[in-house]
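Single-structure report; data block below.
Residue numbering begins at 1 within each chain, and the chains themselves are lettered A, B and C in the order written.
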Amino acid sequence: MKAIEVRELRKSYPKKIPLPFRKVQWVEAVRGISFEVRRGELFGLLGPNGAGKTTTIKMLTTLLEPSGGTAAVLGHDIRRDAREIRKRINLVAEGERTLYWRLSAYENLKYFARIYYVPKSEEKERIEGLLKLVGLWERRDDLIMNYSRGMKQRLAIAKALINDPEVLFLDEPTLGLDVQSALFVREFIRKLVDEQKKTVLLTTHYLGEAEELCDRIAIIDHGRIIALDTPEGLKRLVKGEDAVEIKVRDFPAEKLEKFPWKLAVVKENTERGTVTLRGQVDEDDLPKVVELLVKSGSRILSVEQKEPTLEDVFIKLTGRD
Amino acid sequence: MAIIAVIEKEFRMFFRYPLRVFSSILVGIVFLLQFVFFGQAVLGGRYSQLLASSTGIGDYPTYALVGYVLWWLSVSPMEAYVWGIRRELQRGTFETNIAAPVRITELLLGIALSWLIMDSLLMTVVFAFGALIFHISITFSILLKSLPVLMLSFLAFLGFGFIFAGLVMMLKHIGPFAQIFEFSMLFFSGIFFPLGVMPGIVVEFSKILPLTHSVSAIRGIFIGKSYSEIAPSITWLILLVFVYWLIGYAIFRWAERVTRVMGYGGY
Amino acid sequence: MVVTEELRALYGVAVKSWRIFLSYRLWMISDIMLGFFFVGQALLIGIGLTGQRNSPSLQRITGYSDYLTFAVLGFMVLGFGLTFLSGFVWSVVDELYAGTLEYSFASPMRRITFFLGNVLVRILLSFLYMAVYVPLFILIFGVHINPLGFLRGLPVLLIGTVGMIGLGMTAAGIVLYLKDPGPFINILEMLVFALSGAMYPVSILPKPLQLLANAMPYAPTSEAVRKVVAFGYSNALGEIGYLILISLVYSISGYLAYRWSERQARILGLKSY
């Protein structure tokens, strides 16, 4: 049995509350996606903001009613067996206000232990274990409002483990964290899969994070999955095509769309007025690209060949960074 | 029991800030004093012959205090949904709760029940304060006799308030609407003045509000009426418990279906 | 030009404040309804208890036999006062909670400009509410307001307003640096509510509360306005004199609190929530 099976899942949101006798317009957020996640796998949904990642997670965690298609989590249909699914999964939602700021870390976990039906005999031990695991045991009696962003996220992860879930959903788990906290979270997630054999589905818009963490990645854009493979498999999509990075000054960004090659701005230094462009360009085409750039009024500072990364796959598939 | 966990959480968050508790009690007292003092200033004393003949209670402070405390408790479940749930919706904690395997109805009722218990505690203080400064004599037997009626009223209030649980989940921002509604109840149920001064149609309408019957039953007990004498009010209350729980639940189910399409967050 | 620059800033603050108001349209409706509940309640209590529109006992204590007019005047002073206290303080505290206050304070505009810009909108709004209330009260509740008497009361109300703004600024200056401003403002509002003399003459309160009531600008304003409306200026000189004194005290205290909070902001910084 697969941990997660998704078939042609769709979701449209009404623009207004659909009251009886009211005509409302619907906006498509997810337009028929299919994928499977194996048990013990760390699966990533990678895509830009607004691609439909959060909507997908909310449907799979039974928080949102799909508009079409089917999905099963641990063999249970997400429409019919919501309660059974909820007992065996958990999630870290996006944002930093998902826990009670006016309660302490310990009180928060105690509350969630109860509404997740953790047996009373295990409650104390489990909370202590989790708080120690995420390194918050010493601060267990402090109110969350006094926590840093990184500590809040660590507690949110502890909360997500309170019912010892078989499948864990993480929505942008490192968004807005400082470097150390993000590192801690990433290592922690990887350990959950490697050591505790949890199944994890995470969404992210950080390419590096997906490449480093995930066993398999689905790239999602405009509500559709446009590629699905292991990071290596995805990189093979751009193999043979060399990645080129061109650093220019005085670059008119609006010209980029009319270029016959898919180039994306990967770095911008407004202070110095320089821009770094990246994309797949054949050896034969390189002089033409340079010529076009010069004609458009930019000054070339450097041209470099690079090993292809996930970023190149992403640029090739979506045409943007 | 998940409902106990919800109550414990609400209690912790409320009683953690003594200043907040104090300010809530003060709000309760000041609001009461405004109208009782006004009544007394107009009346030039505390006893109104007219009030006695139309309601059976002539002592204005007693009349107002009983009505006021019950009014406050009757809107408590409504407030719990309109403000408590809204706050969780806004902050994002509501979704974290919904994601748990616990039933939504249990979560919602837990919040309403916590607020009702907290408000009962606050109102006990306000009532004691009111009884003290207005020299209202209360006997133990009156309190004891009021208790079953109070419990029945609570059941009715919870059902009545549940209508708002569904509405707030779906419409999210209904604060101003709820405020107007809460203050209208002061008029419709005859809290600070006898209902008799209102037009007949309003008096008839007021019968569908549980507060009207709850107030009239407990005021009856305060002037020494027996249960059989207040039986009509109690019958009404029992009937309204069923009616409002049914209506409240139906609206909630519908609102829940709509909300699952819209999303619980979305602020 | 320094003056025109500051005026432009003032205008900017006022426009912002006004826009934020408009975004709470529904609340404005419910606020206006509150006035009708208040006055309607007073009328029904009076009729329910005495069966009449006049109260001899109120006449004895205050000189007003028409209890409804008495309550309406009190309510208007209270409504006016609350726009300066809660409206004003909340608008600042809400910005503090939302995190936008720091941006306003970080701008080169004088902080007094920020406060005054907010106050300006409140004054406008209060007059707007009054323009809605007065004709409707007369129409619906049959309140007797003699237009001449009413106009006579306005200057007195304005004198009181100076004190109310002072108190509002004192409160705003202080609450910004409290750990949890919300309940503190609530408590202050309730004190004002109970001691404003809107619904009953403060003389029926216990002695210590009477002293407290007269130490805040609201009750003296209510009393002076009522006296002037009913009996003219020459009979209310004592009340007016006292009101001027109180207003003066509070405007000084408001200014000092503002200075203090400006210094405090540099030392402590604003809290973030």
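We take it that a residue touches a chain if its C-beta (ideal position, glycine included) is under 8 Å from a C-beta of that chain, and two chains touch if they have at least 3 such contacts.
Bear in mind that the values here come from a model prediction, so they are computed numbers and not experimental data.
Any chain that touches chain A and also touches chain B would be listed here, but there is none. Put simply, the chain closest to the centre of the protein, by Cα centroids, is B.
Contact counts per chain pair peak at B-C.
Separating the centre of chain A from that of chain B, both taken as means of CA atoms, is a distance of 45 Å.
Computed from the mean C-alpha positions, the centre of chain A lies at a distance of 51 Å from the centre of chain C.
Taking each chain's centre as the average of its CA atoms, chain B and chain C sit 30 Å apart. Taken together, the chain C residues at the contact with chain B in this complex read 26-27, 29-30, 33-34, 37, 40-42, 44-51, 55-58, 60-61, 67, 71, 180, 182-184, 186-187, 190-191, 193-194, 198-201, 204-205. Partner chain A is touched in their complex by these residues of chain B: 1-2, 4-6, 8-9, 12-13, 16, 91-93, 95-103, 107, 170-171, 257-258, 260-264.
The touching residues of chain A, when paired with chain B in their complex, are 13-14, 17-19, 58, 61-65, 83, 86-87, 90-91, 93, 95, 97-103, 107, 110-112, 114-117, 159, 163. Of all the residues in chain B, the ones that touch chain C in their complex are 17, 19-20, 22-24, 26-27, 30-31, 33-35, 37-45, 48, 50-51, 54, 60, 173, 175-177, 179-180, 183-184, 186-187, 192-194, 196-198.
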